[in-house]
Structures are given as C-alpha cells and as structure tokens.
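Okay, so here's the structure we're looking at.
In order of appearance the chains are A, B, C and D, and numbering begins at 1 in each one.
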Amino acid sequence: MEKIQDTFDPKPRKFIVWLFVVSSSIMFGGFTSYYLVFAASKGKGHGLVLPDAFIYSSLVIIASSITLFLAAKALRKLNFSLQRNLLWVTVILAIAFGVMQFNAWGSMVRTGATLVGNNAAISFIYVVSGMHLLHIIAGVGLIINALAGSYKSLPVAKVQYRMQIASIFWHFIDILWIYLYVFLLLNR
Amino acid sequence: MSEHTHTTEEHGHDDHAGLSKGKIWKVFGILLLITVIEFIIALVLIPKGYMTQHIGNYVYIVLTLLKAFYIVAYFMHLKYEKLGLQLALTVSFIFIIYFIVLMLTEGGFLNIHMMNH
Amino acid sequence: MSTIALHDEHNHDHADHGHHKETLISKYIFSMDHKMIAKQFLITGIIMAVIAMGLSILFRIQLAWPDQNFPFLETFLGKWAEGGRIKPDFYLALVTIHGTIMVFFVLTAGLSGTFSNLLIPLQIGARDMASPFLNMLSYWFFFMACVIMMSSFFIQTGPASGGWTVYPPLSVVAKAMPGSGLGMTLWLVSMVLFVASSLMGGINYVSTVLNMRTKGMDLWKMPLTIWAFFLTAILGILSFPVLVAGVVLMVFDRSFGTSFYLSDIVMGTDILPNEGGSPILWQHLFWFLGHPEVYIVIMPALGISSEVISVNSRKPIFGYHAMVYSLIGITVLSFIVWGHHMFVTGMNPLLGGVFMITTLIIAVPSAVKTFNYLATLWRGNIRFTPAMLFAIGLVSFFISGGLTGIFLGNASLDINLHDTYFVVAHFHLVMGSAAIFGMLAGVYHWFPKMFGRMMNAKLGYLHFWLTFIAAYLVFFPLHFLGLDGVPRRYYAFTEFEFMKKWLTVNVFVTWAAIMAALAQVAFLFNFFYSIFKGKVSPQNPWEANTLEWTAPVEHLHGNWPGEIPTVYRWPYDYSKPGHDADFIPQTVPFSQTMSSNLPHDFEGNEEAEKIQQDWELANPVAENKG
Amino acid sequence: QDAAGAAAAPKVDMGEVYKSVIFYILVFLAVCLFIAIIGKAIKVYELSREAQGKPVGINWNRVHASLFALFLVIGLYGVYWEYTVHGSMLLPDAASEHGKKIDKMFNLTLIITTIVFVVTHILLFGFSYIYKYSAKRKAYYYPHNNTIEKIWTIIPALVLTVLVLMGFLTWRSIFFKVEDPNHKPLQIEVTSEQFKWSIRYPGADGIVGNKNYKLTTATNPLGIDFKDINSRDDEMADEMVIPVGKPVKLILTSKDVIHSFYMPHFRVQLNTVPGMRVFFEFTPTKTTAEMQQETNDPNFKYLFFCAKICGSGHYNMQKVVRVVSEAEYKTWIAEQKTYLNDDLRKQFNLPVAPAAVKSVADSAAKDSAAVKTNQMALNK
C-alpha cells in the first residue's frame, strides 16, 4: 500500500467554483426576472440616464480581467514576480472599481434617484450593484489567496490551482457586471 | 440494464474534429448572408411596404435565433461537445425563452390590473 | 484497535489533510469527515423534528379544544397561552415555525444533508467529499440557522407568524402582526444561513458525484440513491439562489423602506409611503424555489426507498433506467410548474392554464416510479425489515398524496380548494408522511453503517405500525374539511356555524397526532440506545450489493483501507439466476460469476461476450438457468 | 422550550396542573413498561425455542405480511366509510353556473383517482402479502420490460391528457368569458382589510367609481375618490345581496395585506391584493331560500370569508351573502345608503345638496365605456 499522498487533484474543487458561478448567475437571473416583470407591469423601467461612473467602472473591471489574464499567463511561464505584480494591479483595479461604484451611487443620489423611493426599479439598481460588489469583495479575497499562495512558495500545482479559481471567479464577475450594466441600459 | 447508454463516456474523441478552415468560412458566409437579408428587410422591404413592421419583427427574431444557433454551434464549439452538455444548454436556452415569455405576459397582466396613479 | 492499525496505513487521496492528529474537537465538532458530518446532520435533524412535532401537537390541541383551558400550556408557554389558551398570534407562529422547520431543517438539511453526506462518498467509492472544508461549513451554517430560528421563541414579539411562505405585505409590514417584527428578521437571517448551507452542500455533492467516482463506476452503475441525491443537489443549486434574490429584496423592503413588494397599503388609516411594487412578485420568486423544494424533499426519499425496496425484495429494482429518467423528468419539470400555487392569487389566468398543463404532466414520471416499485415487489422474496416497512409505507403515502395533488393541479378545482385543509392534507401525505418515511427507512437501513451497531428491529416494527396507522388517521380526514371549505391557518373553527360539525373530527385527529408523536418515542429511544448499546453490526447486515458495505464497519478517515474497490456491475444483481448467493456485490467481476452472466451484462463488449460464450460451451450445465 | 414568560402565571392552581401532568406521564411510563414486558416475553419465547432447537419463534415476515393484508382490508373499508360519512357532510352542490362545471370536473377526477388509489393499493399490499420471505423461494430476476414500462407511461399520460383538456376548458370558461353587452354583469366591489370586508355597490350608474388609497381618512376609510362622478352614487352594504340568475362581477381589492375572497358555495375564490384590482365573474343559480330547502336547514346562510393568512383575526373574517329574486334585490338596493355623505361632500368641495340626477344619455355613454374596460381586462 504505497502512499499516493500528494496527488493533488484540483478538478473537483475547480468544479465547485464553476457550480458556485452557476448558482450566482441564477441569483442574478432571479433579480433580473424580478426587474423584467416589474418593468413590464409599469410599462417603463428606471428611466434614468445611468451615471457615467458606471461606464468608467466597467472599463476598469474589464482592465482588471485583462491584468488577471496576463498574470495567469505569467504564472504558466513560471514568472512569479510578474504574476505577483499583475495580481497587485488587479487588486488595485478592483478597489478602484469599488470606489467608482460608490461614486456612481453618490451621483445617483444627487440627482434624486435614491435607494428609498417609490420607483422600485431605481432601488433595484442599488440592490444589484450592491450584490455585485459583494461578489467583488469575495473575488478580491480569492485573488489575495492566489497572491498568498504565490508568496508562500507552495507547490506549483497549488499556486496554479489558486490562480485558476481566482481567474474563473473574477472573469465571471466581470462578465456579470457587463451583463448587469447592459441590462440596465437596455431596460430603461 | 438494457438500453445501453454510453453517451456519458464516449464521443470524447471527436471533440476536436471538424471546424476546418473551410468550415469556418462556410459558417461565416452563412452568417453574413443572414445579416445581409436582415439589412435588406430593414432598409428595403419594410420602408417600401413589402412587409409590415409587425411581421418584420418576427422574421428578425427567427433570423437572429438562426444566427445564434450557428455561432453557438460552430464558433463556440457546441456542435462538437458531449451530448449531455448539448442537451443541458439547449434545455436551459429553451427555459430562458419560456421564462421571459411568461414574465412578460405576467407583467402585462399586472400592468392592467395594478392601480397606477 | 484494528481502527488504529488501519488508520495508520490508509492513504489520502486529497490534499489539505497533511496533519493527522485528531483531537476531540476536530473529531466530533469541527469534523471534516463526511461520515461524522452526516451524523451531525442527522442528530440535529432529529432534534429539530422533535421540536417541530411538539409544536404541531400544541396547535393541534388548540384546534381540537378551542374553548377549553389547559393550564399546563401556560406553565410552559407563559404569556403566549395566558389562561391556558394559546393566543391567535401565537397559533400562527406555531404553524409557521412548524412548517419552516419541517420543510427546511428536517427534510432538506436533515434528509439530504445526512444521506448525501453519508452515502455519496461511500456508494461511489470516494475517500471524502470534493471539499471537506466546505462540507463542515455547510453543517455549521445549518446549525446556526437552527439556533437562530429557535431563538425567535425567546423574544418579546414572538417568532415569524406569516406562514412558512411569508407572503408580503403581511410579513414585511411590522404593524401587520407582532410576528412581523424582530421574529421575521430572525426568520430571514436564519433562512439566508440555511440557503448558504444548502448551496455549499449541494455544490459539494454535485462536484463529488461528477468527479470522484471510483474505477468502473460510470453514471449508469450508480445506485438510485446517488442519482436521487445528485439530481436533488442540482435542483437546489438551480432554485435556492432565486430565493436568495427574493429574500434580499424583502430585506430591503423591511429594513430600508424600498417598495419592491409593496404598494397602496393603508394600515387602518395609516397610509404607507410605498408605491409601485407587487406582492405577486414575491410569490413568483418564492415558488420558483418553493416548488422545486418539495421535490428536493421527496426525491432523496424516493431514492432511498428504491434502494431499500430492491435490497429487501431480493430483486433488482424494476426498470432502473426508467427510474433514472423519471427522476430527471421530475427535476426538469419541477422548474416550470411553480405557478400552481398561485392559480387564484391574482396571477394572470392565462398562465394558470399553462401551469395546470405542466403540473399534471409531472404525474407521468411519478406514475412510472410508482408502478416500478410495485413491479419490484412482484415475485420478490420480501424481508420486512423496519426499513422495508417504512419504504412500503412511503409508496402508499406517495400514491395517496400524489393523487390528491391531481385535484389541486387542476386550476379549476383549485379555485375551491386553494388554502383549505385539502391542501394541508395533500402535503402532509406526500411530504409529512411519505418523505418522512423515506428518511426513517434510510435511518433504519444505514444505521449500522453510521454507528456500527444494529437498531432493535422489534421496536422498529412497533414504531412503524403505530406511525403508519396514526399518520393516515391524522391526515386522511383532513381532506374532507377542505372539501367542505374550511380554510387553513385558522386559529379556531368556532366562529363559523358550518365548521362546528368538524370539531369532533378535529378531536379525533388530534388524538391520532398524539398517538403518532408518542410512537416516535419508540424511535428516539431505539435510536439513542442503539448508538451505545445496540448489537454490533456485521459488515453487510442486509446482504446488499452497494459499495458502502464493502467498507469496514469501523469508521476510518478515507473510508477504505488500501485501495478503493473497483466496480464491475450495476448495484442490483439480486437473486440472479445461476448464482448461488442471492446477491452479487458491485465489486465482484463478471469473471467470477460466469454461471450467472447474462448477454446484456457486457454492454456490447464483444471480447467479454466471446469469453462468456466459450465458457458456456465448456460448461453446458449453466444453460438451465432461469 | 419557552421558559420566557413562565414566571408571569400566578393565577392558576399549579398543584392541580402538576398533578395531572404527572398523572399522564405515569400513564405513559406504564404503557412503556407494558411494551417492554411484552418485548422481553417475546425474546424469552424466542430464546427458549432456539434452546429447544425448534425453528425461530415468531416469523415476523409472516406477521407483517398479514398485517399489511389486514391493513388493506380495514383501510379500504375506512376509505369507504370516509367517503360516505364525511363525504356526506360536504358543501352542497354548487350554487353557481361555473360551479356546476367545477363539480363535474371534480367528480371525474375523484372517480379516476379513486380507481387508481384502490388498484395500486391492492397491488402494493397484495404483493407484500403474497411475496413475503420464504427460505424455499428465490426472487424472480426481472430487471425490466420495456413494453410494460411503455404501457404504464402512456396510459397515465392519456388519462392525464383527458384531465388536462377538460380542466383547461373549464378554467377558460371561468376566467375568459365573452361579455354580452346587453347583459352587463352587476359590479360589486369588495375591499378587504384586517379583519373585515367592505362592500361597495355601483349605484344607479352601474359603475363603481375610482379609488385612491391616498385619500383614505377616518371618514373615507376606503379612499373613494368622489371627484369621480361614478363614485358619488356608490352605495354601501352590510351584506352581499345578489339577484339570482344574473351575472355578478366582483371587483376585489385590499387595503392592507393579502386576503382571499372565498365563497365556497359558489366555488369562487380569488385573493385580494393591495395595489391590484382583480375580477371574478359568476352567476348565482340558487337563492338562499332554495338552498335552505335543499339542505333542510332553515338557518342556512351563504357566506364569504377569508382564506389567506392575514393576521390574528384571519379566522374570523366573514360576511353573509344573500341570493334573492330580482324583485327583492330591487327593493333592497333602493334602501342602501350612499358612501357619499355630507362630511365627505365638504371634504371634496362638493355641493351639500344632493347632486342632480344624471341624464339618461350620460349614463348610457358611461355604460358602454365600462363594457370596453371590462373587455380589455378580460382580454388579458
């Protein structure tokens, strides 16, 4: 009975992340279907011109996806220092994204489109962007986890595994945000 | 255990078959053709009154679905994926359409029955 | 001591378990071993079941004797039963918490949590779950959810009392009833934790089933239990998040003053500012989860009973493929029928028609399952172990309750049946009885696997017969109340002349319920006594084929000492002609059972067929099998 | 589990309470003891059989098989008993046109399900009895039979198709009525609130006027908008009186939470939802007097009540419905007061003297408008 000790198999765990992505999408599916029925029942949606900050934050989050992609590429070439630097950039971009979301909320509040009001479609913008921001926080956690793995010089397989789950999740929330933004744009 | 169901295990090998250069161009041509037809409808048929806007909308939807099918099937490789995945994606796609139709009908109903001020 | 010996040499397939030292805490409390987590789920589930059952007895007492005082109620309910009579608000709280606990904590966490955790790794041949850590987290979230839910009994305004479906505005507007204050907040918090727990569990189960099966265990060799748990988990992953979406919006309505579900509300003369939302939207979001939820509740029970019936009839389950396809059919269909709870709630009647069609279609896969169970019993050699008794009970309840579902599924009949006791009777038969029986069958069947000891069979018999009879006595008559137009969630039937004739029935039902509850004492005693004092179990007490019985009785981290066994055949080769024993475990290769192999066993593998033919030519005796 | 308020219970004589509780516990313990003794006796019996080398004492498989057979017989009788005894205590036949269709549908479903119920249970318990364990027999290895499986997929599917089709037609005939402009239904608005109902009759113009919840005050509890001419002649009523044989269109709304307007004798139920107006149209076919004769109960009353959980008073939200002849209805409705009273007139800046009676042409125009809105509503 020989030790098969560390045949580290990341596949089932990566699959777990995918399943989480699925269930998360379903949750946002639930939100958007609420919105669809609500808007149809009113004959109109939120009726706002979305704040510009949302455009910038979308650009930022796309950029962060790109840096993360490059980081993964660097890791594949075993260039750890480049990977770390790119991950740090990603984290900074993520934080910038969060700041911009707050900014966007601020400018919405200034135009009078507040969270509490009798247009649930406007409240909805706050709720979905807020729930998305929670995902961003979780995503940053995963990136930091990948960073930590890289610094701790774990076995390469594990560093790569951490990197992979961070990537899966981060690209997902990137796409998710684009989806939400386009959805809100289209369903004015 | 009669119906021998190997669907889950086999078909792995033709995963990467197909999608030669020629095929790509062919699919691209089809997509282009559909787009051209759409443009013709939008720019010629409807303004000239050969087709009403109403029917036009339906034709659009059908053509777009067709396009989506080609894109998903060939460019996104679904045509070469396992049967299970194909089924799952098709079923979810049908479901999503079904749900959207349901939601819009329900929204329309609420629109009439809610007291709007 | 053999445990220790085995422990040292067993190998880890998974990482993150470098350290071995097991302290008391890491073994019994923050355990990451799926078997221990299963036990934790089971025992928590049983405790919650007992609590919820107690609640049901309390409100049954109120229903049976609405104008009688029971001073002892005041003794331990205090201000909620002043003068020994339960107050209307508290009655509703009891019903709400009873429903919530039973559906979510007992039959979702308790049933799926226990048996998915125990059986998925053991029956597919894996060392543990895909992520043992997530698995542990799943239990502790569930535990916290239970604690928070129970804590609402100790607050001033009492627990949530808007029904387990918590329809707004009742549950959102704090002024609408006392339970909609803090109690409802706790309910929502508990629910969020619970959903998180279910999702972590479900994701883990799906990933494990898809990725960690042992050699030879292809999908069509999995026992039906695994199929059921797998599809249940998928159902959960796809529907629970929608509830989260709904709950988040509800939290915003309650705590921040948004108007997602509220519009045009006047409490007395107090005009609320909310405008534009619709309570119907909550109902859609809730039932989009809520309906799949009822199948989340029944499918594991159906899986368990398939296994138990097959083992104890000493016969392969009839129509294995049909059983799987019908489970898949139920899974898929269950997403498109949620509106049958909303036929008369102000939903578009057009959709009512659509939902009626989809709802009644579900009866077809259910019919296939039912008839396949019957066909499995036919010409079997039935051993009535306690588990088998409960499985047969399940089939009976599932038929009875399912058939009443056919009435409700018919939108035009539902007009008069909606929210009456007919609905109560329906779902207690199919959920409160069938699913609970499935769970009990599972406990009796896999107790030896969980605790290494046997439960006392005779107490099991007593438990079964009392519960079986009492459950029918409780729930069958309730249909007739519903047909007479008696609504559910009524505190007392005394205000209506026409309901008074049902009071005697109510008394009868309550006595039957008390009998059912007391019968559970036999179970509880048996369960806890046997954990410590039961007869030590042999390795394969039921002579079953599935993989878990090839693992040693002693629990070890990693399940099997040495290599995980390879699987060669489906799990249902019972009483195969030509074989001397009446069962052939999945781990026995066909080469060892030449005398009993059938052509289709080889699934078109020509080489194997050839070998078999040669063997049969050489051993002509084997021909007279059949 | 609720020790919370236990302290606040001084009045009752606790001694008595404890005594009775202890008594019941003792009874229960005695029963347990009895069961334990029986259990031991069985065990001793079995052990002694074993010691004598005879086959094991009790053949439990046979016991359970017989019990199942017994359960089948007694159970089927019990079902029969329930159908006849409790079945005779149910609602009388439907008192509305669409209700008769529902009853027909119900009976069809009942027949089909009863047949399925009886047959499957005979098979289930019958097989359990016949095929109980025997050491001499081996079970029949029979893993599948595609033909049989197809048959029992297709037959239920066919039966259900019948049920679906008939149910669908019934449903459609209830909720998608084609309105006959010459036979306009009587509009009645019902508003629910915790825990009572308010009924509003349309008055002479046949239209119930607008409402706006923002207008709700103590004097105008329904928030009726009296700026709307149609509201001014709306009448209030303590009970719902409707003429037999004439279609009634209920307009259901709610002030606070969801309630359900449930009128079982007419097979009518629809939730009342705040912020929404929903409609249910039905035609009563039996007057209260006829029903009193039919049920042999001189006190018989039609009721409507609340079927959706709505708070502590949910169990007592009822109102009487009286179905009367056309003539009786006319005299009754003439006696009802309007919602608009002098206080409200002042509030809405209306002249305190009764408003001039509208011209005939005016009301006719209103009527056709009403028909139009109805149709729109029914179209979807």
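Assume a contact is a pair of C-beta atoms (placed from the backbone, for glycine too) under 8 Å apart; a residue touches a chain by one contact, two chains touch by 3 or more.
Predicted, not measured: the structure shown is a model, and the values here were computed from it.
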{"item": "Smallest count of steps, each to a touching chain, taking chain A to chain D", "value": "2"}
{"item": "Most centrally placed chain, judged by C-alpha centres", "value": "C"}
{"item": "Chain centre separation in whole Å, for chain C relative to chain B (CA means)", "value": "38"}
{"item": "Centroid spacing, where centroids are CA-atom means, of chain A and chain B in whole angstrom", "value": "27"}
{"item": "Distance between the centres, which are taken as Cα means, of chain D and chain B, whole angstrom", "value": "44"}
{"item": "Residues of chain C engaged with two or more neighbouring chains", "value": "263-264, 275, 277-278, 280, 284, 320-321, 346, 348, 350"}
{"item": "Residues of chain B touching at least two other chains", "value": "1-2, 105-106, 108-110, 113-115, 117"}
{"item": "Set of chain D residues in contact with two or more other chains", "value": "143-144, 213-214, 275-276, 278, 380"}
{"item": "Touch-based graph of the chains, sorted into line, ring, star, complete or other", "value": "other"}
{"item": "Complex interface listing, chain C residues touching chain B", "value": "218-220, 263-264, 275, 278, 280, 284, 320-321, 332, 335-336, 346-348, 350-351, 354, 570, 600-601, 603-604"}
{"item": "Chain B to chain D touching residues, read off their complex", "value": "1-2, 105, 108-110, 112-115, 117"}
{"item": "Residues of chain B touching chain A in the complex", "value": "99-100, 103-104, 106-111, 114, 116"}
{"item": "Interfacial residue positions of chain D with respect to chain C in the complex", "value": "1-9, 11-14, 16-17, 20-21, 28, 32, 35, 39, 42, 60-61, 64-65, 67-68, 71, 75, 78-79, 82, 86-87, 89-91, 101-102, 105-106, 109-110, 112-113, 116-117, 120-121, 123-125, 127-128, 131-134, 137-145, 148-149, 152-153, 156-157, 160, 163-164, 167-168, 170-172, 174-176, 193-194, 213-214, 216-218, 221, 223, 255-258, 260, 262, 264-265, 267-271, 273-276, 278, 299, 301, 303, 305-316, 318, 380"}
{"item": "Of chain C, residues touching chain A in the complex", "value": "9, 11-15, 130-131, 134, 199, 202-204, 206-208, 210-212, 237-246, 248-249, 252, 256-260, 273-278, 281, 284-285, 288, 561-563"}
